[in-house]
Amino acid sequence: MEEKKTLLEIKDLEVIYQTDEATVHAVNRINFSLNEKETIGLVGETGAGKTTTALTVLRLLPERTGRIKGGQVLFRGENLLDKSVAEMRRVRGAEISIIFQDPMTALNPALTVGDQVLESLEIHNTAGKSRQELNARVDELFNLVGIPAERKTEYPHQFSGGMKQRIVIAIALACAPQLLIADEPTTALDVTIQAQVLKLMENLKEELGTSMIIITHDLGVVAETCDKVAIMYAGEIVETGTAEDIFNGKEHHPYTVGLFNAIPNLDEKEERLRPIDGLMPDPANLPKGCKFGPRCPHFTEACGIEMPYIYKEKEHRIMCNLFKKEAADE
Amino acid sequence: MSKDKEIVKAEQSKVKKKSRAQETWRRFKKNKLAVFGMILFFIILLVTILADVIVSYDVSVTQVASERLQGPSASHWFGTDNYGRDLFARIVHGARNSLLVGFGSVIIGVTIGGLLGAVCGYLGGRFDAIVMRILDSIMCIPSAMLALAIVAALGTSLWNVLMAMTISSVPRYCRIIRSSVLGVTGQTYIEAAHSCGTPDFQIILKHVLPNAIGPIIVESTMAVGSAIISAAGISFVGMGIQPPAPEWGAMLNEAKTYMTMYPYMVLFPGLAIGFTALSMNLMGDGLRDALDPKLKN
Amino acid sequence: MGKFVLKRLLALIPTILIIVFVVYFILDLTPSSPGQLILGQMATEEAVEAKNIELGYDKPFLVRYVKYIIQLFQGDLGTSWVTGKGVLESVFARFPVTVTLSAGATVIGIVIGVLLGILAAVKQYSIFDAAGTTLAMILASFPAFWIGMMLVILFAQELGWLPSYGADSIAHYILPWFTTACAFIASQLRMTRTSLLESIRMDYVRTARAKGQKESVVIYRHALRNALMPVVTMAGMNFGTLLGGTVTVETVFTLNGVGTLILTSIRSKDVPVVIGAIVILAICYTLVMLVVDILYGFIDPQVKARYIKN
């Protein structure tokens, strides 16, 4: 096996949203890294901070409210948070691309889809390619995502949701980025289309050798596509590891256990699903100590006071005091 | 353990339940301009109510030949007009007319337009189509001209101006309210109410109105401002409330002849109209932001 | 597209029927004696009576209404009871002033309003935004005719830069234009700002930023184009409204436009002129809105597709 090179490394990243009403702690000191040609799945409920993490990597947080409080986003060893606006523009779309959740609104209704794909190419046309070459590349991209190139003169409203998502993918891949962030790329699509789009992304990833961050709340998607998984809860990564660790490992964070229990299982005959009790805490008013504490079946007094212990086993990390006891026992 | 969680849940929902009105008011208070508008409005309202205490009505209509066209001074704060009437007194007593026409026409207009609009929006179908067709046609008539024609037909009095303003504005209110009702009836929760077998009138009362009322209040507040301006315009071209009764627009009409020599005659009535309308517009703006904080960020 | 235009023009017919009915009905609330108006105060009672009968004024309202409509669709707007001139001719004699006034004000309103609106939206929460919204608030609150009078006092009386009345040259129009444009600037500014703020928040703007597009291009190419729709509607509506809403400004600057024509005709109960002028204004308004709708097609491909389909 060839040596893996680290592509993206996020260190102690902390992001808040500052509004007139409250300070929302969206991302709280998270760490993870991603190697070249690897895919990581960011899993969690709505509001866990997944999208915020993605937007931070591209520095696309809402200008007025979003604030990066600390940490680093190292992309090929360079901290993206130190880059100037102009430098950042050269990264966006060219080296790191993003696919947003809702294809219905992600495309500009007033421009033809071809122009929107072309726009990406034009912005990053450092090689000074001619118009014809760029247009040829647009055709190529359309074919790549499985849309006849003749349709590039049509407008977004003439396409179905799945087709639009393909166009969004074409835009994201236009400049052959090294990292592709897919923010719930299939959530807004029909189940049958979901599978198609996932397959397409998987194929393209193989073909182009792109690394990927897949943001999702669907563990099924993760199982199909990811090498690594990070489980997010209330702005923290509570458990991270290889897909193997998460799906077949012995030790898990109670939240991860809860997530798996909430999936219907066809093999076991159970009358009801077992949901996790309670709600995610208000990110403007997080509990002290372990954020999952109030909902955790293994809650102890210590959990309400100190930050949880971090269990380590190779690449597998779990933020939970359960394992502290074991560590002490051993 | 699970009991504790129940309590937590109950408290969470209690926090959420802090009524929408309270929540709106809390946000409204934070908006300095809106609060300024409100204070301004209360001052104007106070002056209107206490007009007779501040200065007697007689002063506003008494013509004093010896004191014609005097600039602002200690005895006549805003000066006097070409008949020697005290402009301060006329402005103080004119407030009542402006506010009456402004609020009266909007309240009546919104009520009539609202009922019609709500019924149209809710029933839809052919009835809605016909009513909208008619209203759209009427809206092609310039509303100033429509109001002028009505005043001309009915005669120039406070009530007729009010009536003219109301009639000429009903189609617009009806349209606005219909579209906000339509916006609400399209929502899933109305469908949910339908599917529970809730009777129509109860749905309108319990679900449609409370949810459509916000934008309606905002629109109405702003409409009072423009109604005051329009009514002043009618008087300004000489078709509204007639002198010697004090009316801001009519005062400007009289002032027109003297404006180059005696600009204060123009200045004060205009400021009175402007600040009254401004107070309503500022409040309307503040209310809109308070009702829908999403718009602000 | 042609079909769409034709459809809209045909829809004018019921509109005109309703407008004439409403205006005719209102003017008929107080009895009028056209004979007296036409023949003057000196005419004998019999002559007045005979003239009224000749004009059908002994007939009930609906009969006269139908008769008027029939004449109208033959292109005959009647003659003024007061001046004896053709209505169409009288209205068109006044039209240039009103159109010049409205068009100039519309252009000023769009240019200043949209530019300030864009500035306010792009630099939201900055001093530009605060200044712009405050300006809009003030312009929307103070009556145009009063602002006009203040402008006359300042620029014509005190500074002596511009003439204060009449319609002889461009200079004569400058004050009326800006006066009329005031409310327009306010509404355009607010509409542009709100609409642009809304579209800046749209997902496709984020997509454009994620492509690495420059902020100025993001605003201009992606946000502004989609924000223009309501701005164009508002501009059209404002122009349409202005055509019939300049009466107070015409009064301030003693301009002889359609507004003052209708006003004097309402005063003298010159029914044919009032109805004729209002019908013409309403037709203009409808045509302006039609042009707006066609303009939509150029801005929004979705709308264009709909037109072609219909």
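Residue numbering begins at 1 within each chain, and the chains themselves are lettered A, B and C in the order written.
Note that in this section a contact is a pair of C-beta atoms (placed from the backbone, for glycine too) under 8 Å apart; a residue touches a chain by one contact, two chains touch by 3 or more.
The structure displayed is predicted, hence computed values, not measured ones.
Touch-path distance (fewest steps) from chain B to chain C is 1. Compared with chain C, the chain whose C-alpha mean position is the greatest distance off is A. Centre to centre, using the average C-alpha position, chain B and chain C are separated by 22 Å. Centre-to-centre separation between chain A and chain B, using Cα means, comes to 50 Å. Computed centre separation for the pair chain A/chain C is 53 angstrom, with centres defined by C-alpha atoms. In chain A, the residues that touch at least two other chains are 64. Those residues of chain C that touch chain A in the shared complex are 124-125, 202-204, 206-214, 221-222, 225-226, 299-302, 305. Of all residues in chain B, those touching chain C in their complex are 33, 133-134, 136-138, 140-146, 148-150, 152-154, 225-226, 229, 232-233, 236-237, 239, 249, 252, 255-256, 259-260, 263, 266-267, 269-270, 273-275, 277-278, 281-282, 285, 295. Interface of chain A with chain C (complex): residues 58, 60, 64, 89-94, 97-98, 100, 102, 105-112, 116, 119-120, 123-124, 155, 157-158, 168, 171.
Here chain C touches chain B in the complex through residues 14-15, 18-19, 22-23, 26-27, 29-30, 137-138, 140-143, 145-147, 149-150, 152-153, 156-157, 164, 194, 197, 241, 243-245, 247-248, 251-252, 259, 262-263, 266-267, 269, 274, 278, 281-282, 285-286, going by the rule given at the top.
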